[in-house]
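One chain, chain A, appears in both complexes that follow, with chain B as partner in the first and chain C in the second.
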Partner chain A sequence: MSKTSSEAGSLVVVACCCLVLFIVGAGAAPGTPSAFRDIFIGRCEDYKLGGINKLADLSELSSKNCSELWELFSVAWLGKEPCDVEPNDYKDFVESASITIPKDMSNFWDGWDIYDTVRSYSREGQRTWTLDYTLIGYLINGFYFCGDGKGGVNTESCPDDGECGFAVGAVDAFWAEASKHFSISAEGLSRVFFNSSRPGGPFQTEESFFSEFELCNLTPEKISLMDIYVLTDVRQSPQHDCDSVSINNLKSILDSKSIPYNCWDNPRDVFHQLCIDYDDHEDCTFLNDDGAVHKQSFFLITCIAFIVLQFTTKDTS
Partner chain B sequence: MSKTSSEAGSLVVVACCCLVLFIVGAGAAPGTPSAFRDIFIGRCEDYKLGGINKLADLSELSSKNCSELWELFSVAWLGKEPCDVEPNDYKDFVESASITIPKDMSNFWDGWDIYDTVRSYSREGQRTWTLDYTLIGYLINGFYFCGDGKGGVNTESCPDDGECGFAVGAVDAFWAEASKHFSISAEGLSRVFFNSSRPGGPFQTEESFFSEFELCNLTPEKISLMDIYVLTDVRQSPQHDCDSVSINNLKSILDSKSIPYNCWDNPRDVFHQLCIDYDDHEDCTFLNDDGAVHKQSFFLITCIAFIVLQFTTKDTS
Partner chain C sequence: MVSLLKECLVILLAVLSVVQADKLSLKPYTRDAVAYEDGTTVNFEDIFNGRCYEFGCLSCLGEKPLTCDTIFSSFLDGVLSDPVCALEDTAYDSFLQLVAPDLPVDTTTFWSGTYEIAHQLSATSGLYYTMEDTFMGYLVNSLNWCGNDDQTDFDYEDCRAWDYDDCYGQATSVFWNKASALMAAQARGSVTVILNGDATTGAFRNSSFFARVEAPNLNPEKVYLVNVLLIHDLDGTPFETCDDPQTLQYLEALLKEMGIAYSCQDDPDNARFLQCSQEPEHPECSSCTKGFLDSIFGSWF
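This part shows the complex of A and B:
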């Protein structure tokens, strides 16, 4: 019985090990798309035409060779073990795909809970540029990909975000190098968006792509102002604001780099965007909205009528 | 002198004819992108992964063969004279690339002056679906393309919008057929966006893709409600509204098809979107905005204070 029990225990341990190995080895995220090269080339040729990001410099784009860019990109990870890729492996690709970010357009963000907001706000690069509307980011945005360790690609599954360690592995290493380059290229007014309710605080220094690859790579001489946006969804209460410890940490780092900043709690422009889906919420009511005006006016008119009545009564008495 | 004058006149006529022929023949719009097939295949494979339009049905998309779709699409125009293409030529392609439009999501529009607004509003298909976020529209959106009349493509220049006549020619015929199909597929609540300041009125019946390919192809049994949005940019005065003749024409057509409708002049949700870039404008002020509240409150508090003072004076007198 005890032997049987021991064997069963061993089986459980072996099974668990296999399960762990399976999860780490195969990855918890989707594998490389089988048409990845076709999509990459398609996106590249598409971007070069100027319709994807209308503010991109066409003459600069005309010098990009999409097949060469694919070679430079794929050599960084294709065939390797999924986690055996470092940011520096993408250096040549990132430099070759680099385009000028227009002055005053760079838009940083940190934390997935703000991504949809900042993506809508950027208006496909027409209002601001997030990394994913540069050529570098556009080519890769939305994909998981990894090698199979045997010279090919893994189309079954790849490591999930952070699974290889921070900024390591085919996907995360790419975004680390791309983020660094985006930050080095930023010029003039810049913005950074955070969700005020982000668990752990809006600004974080540990394992944050913004903190570890963007903030530290900003060129103080090139950044005239950093607008910090601390955003809270309609119907939620802000968990942090511009005066919270988390944001004060960011301000200290900007101070130490002599980068001027403003901080805005739910500034009106972004709040209008957040209101699109909650236009009935009281916080989204327009001052000139009929209902709101009537409510305000009712009290004011009642008040004035009362005064007039007082005077009339006084006169007649 | 008169002969010379006559010759000169003939030369001018010939030159003018050549110019007209040059403009019509060569086209005033860009030519077919040299990498058109690569971009088409790339967009198609990309869309099939589900990241482009997150509400598209993945199982439905998995049956699409991108190379086959290209063949069906290109056979409609490739090699032909630029203007020698009719909507019906795209029938097979449109049917093969068709996907289900989720109920209550279809979003129509008419007039280029509203396109940016409706595109932002749709939020990449997450809020509503315009034709260009269906697979059919996504594959072709933003391109000019045409044949060379000799079995190949014209990469130099193609006819501009309407240059071959209404809904005729490689590009316009495609959008006509695609619009018709989009309309037939729409179900539940639907929306149509117009710019109130559109020259000629928001709703037009002549040479309008909405009027001639969408409105007339709506299935009354499938459309539960049509929301008509008449939109005016911030800082502009509305030239038309829900009660203007132009919109009343549309209402009559909907009545005749027994399709229920509502009409909204600058409804709050879209107006919030329009306010993002004009958040300082008085029409964009929030009721709860600090400045606005102070201004309103000032009059109310003054009024109440006056009443209180009246009573106090009365008591003490």
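This part shows the complex of A and C:
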């Protein structure tokens, strides 16, 4: 799932006015974009051209009617009270906007701290597909929206993530239903990305969209392998890895579903991705870089340490 | 000591090849570019409007609400201002005034022959703004359009090809020329240009937008440096490099004449990391990274 994160300022407002908000029922997140329908239709027609997600099936897309999709989508929440929306309300929309996810392409993730990485890794759907590169996700990604309880839309403010309760409310219920559908459709090799430094552990079972809507909806007969990626930002040191309790919990759930898995701590393809923005970081240096003095000394020290350790190991054994 | 170091290198490289062979093998998925219609893109107005509201909404342009209808009419007026193939250079001027770019200093980025990697760089880093990241470029990027013969609406059936002899004032060609000139004219500070070092027609190709329109329209009073990022494919055959230029010397000479400094970098690390992320096992991609060392020495450190 994905949405824009709320502004820092609005968090302060939440802290100060919590009580008032409960009474008034107003939200802390931005309201519905005033041109939401225009943006939705524009994104939809754009997606149908095939340039947004180059692996989407054009003939399948040509059968989608963008105005009809808007009707199905908006009837789920428009006019209702912001929190009076359940995942099931989006069932018709999600089914109508559904497109085939190519085999081996599904890419799950959990925790906002990994979102940017998985997004750039997926290469706009050319390497893997996250939910937001499917038509369903692409149409809605980045927006908060809600009704006003009087037949219209609220353009002022909508409930923030989780404010209506887990997976309830116009926005969260949508992502819940979309996530469920995404994992039911996944086939072949699948991936899931976590940040090793995520507070509370990379894999979580409480109020996690991955746990509650994706993992449990995977079809064991269709998933040939789950690759678990435990990633650490180049500026941080890893807090968890593939052997930590949190990831072992995930492994045992996959075991119980008879889904085979691999787990990778910062595999090289993603590590290169993580280095793009920090190419002057000492961990991000190519072996054949000319004139990278600090890299050469780092390499020399490593080599010496390697030899010394080899001797030490021999001595002690 | 030297022989010890050598031995260490041999061991390390041997371990490296084993570890690399053992790691994930992920191949990039590609497909040919978007299929274009011969005429104006289907639902052009819907897409234009959607992008207009989206860009305006997400980047919060100004306090007053964006009037995308006005912006669209102004664009359409430009398309229909003259008969097909006879659009004046000024056709889109009033539209471009509404959406003119004003990018942060040192961020204006041009590309030629490097569409994919240039846009991956701009998407993953805040350092580069390309034409397609500006409002004017974003609105119509990858779309096709032209007016019909009686200048009343788009022609959805057939648009004339870019041909300077037969159709000089072609709708999209006039647009991209003018937008490119505008992009160049607003650049401030240092400018980046991402060029293709494998292209056999040369990185600084005479007929490219960059050579024809953008470089000549840079304002020497505002731009002090043009930095070339010269990209080579991991498995490509370099046609030219910064040290062995085949066409880049003409860019250097042009800039010198204009009073703008020139610099050139072969395959900067951030671009290499992007390429290596797709081909992690390529020999060029060996890096002394923490993750890599951990995978070898993990049990000892």
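Just so it is clear, the second predicted complex is superposed on the first by the 267 of 317 C-alpha atoms of A that agree within 3 Å, B and C clash if a C-alpha of one lies under 4 Å from a C-alpha of the other, contacts with A are read in each partner's own complex, and residues count from 1 in each chain.
Keep in mind that, in the parts below, contacts are C-beta pairs under 8 Å (C-beta built on N, C-alpha and C of every residue); 3 or more make two chains touch, one makes a residue touch a chain.
Note that the coordinates shown come from a computational prediction; the quantities given were computed from them, not determined experimentally.
Model built by superposing both complexes on chain A: chain B and chain C clash. Using the contact criterion defined above for the overlaid structures, shared-chain residue A:Gly142 touches chain B and also reaches chain C. Once the two complexes are laid over each other on the shared chain, residue contacts for A:Ser256 go to neither chain B nor chain C.
The partner that reaches more residues of chain A, of the two candidates chain B and chain C, is C. Contact with both chain B and chain C is seen for A:Ile276 once the two complexes are overlaid on the shared chain. When both complexes are overlaid on chain A, the residue A:Leu55 reaches chain C alone and has no touch with chain B. In the superposition on chain A, A:Ser63 makes contact with neither chain B nor chain C.
Contacts of chain A with chain B, set against its contacts with chain C after fitting on chain A, overlap at residues 33, 35, 38-43, 45-46, 48-49, 51, 66, 120-121, 123, 127, 142, 267-273, 275-277, 279-280, 283-289, 299-300, 303-304, 306-307.
Within the complex, the chain A residues that touch chain C are 33-35, 38-46, 48-51, 54-55, 58, 66, 105, 120-121, 123, 126-127, 142, 227, 232, 234, 264-273, 275-277, 279-280, 283-289, 295, 298-300, 302-307, 309, 313.
In the complex of the two chains, the chain C residues touching chain A come out as 4-5, 8-9, 11-12, 20, 23-24, 26, 28-31, 33-35, 41-43, 46-54, 57-58, 65, 68, 120-121, 123-125, 142, 268-270, 272-274, 276-278, 280-281, 284-295, 297, 300.
Of all residues in chain B, only 33, 35, 38-43, 45-46, 49, 51, 66, 120-121, 123, 127, 142-143, 267-273, 275-277, 279-280, 282-289, 292, 296, 299-300, 303-304, 306-307, 310 touch chain A in the complex they form.
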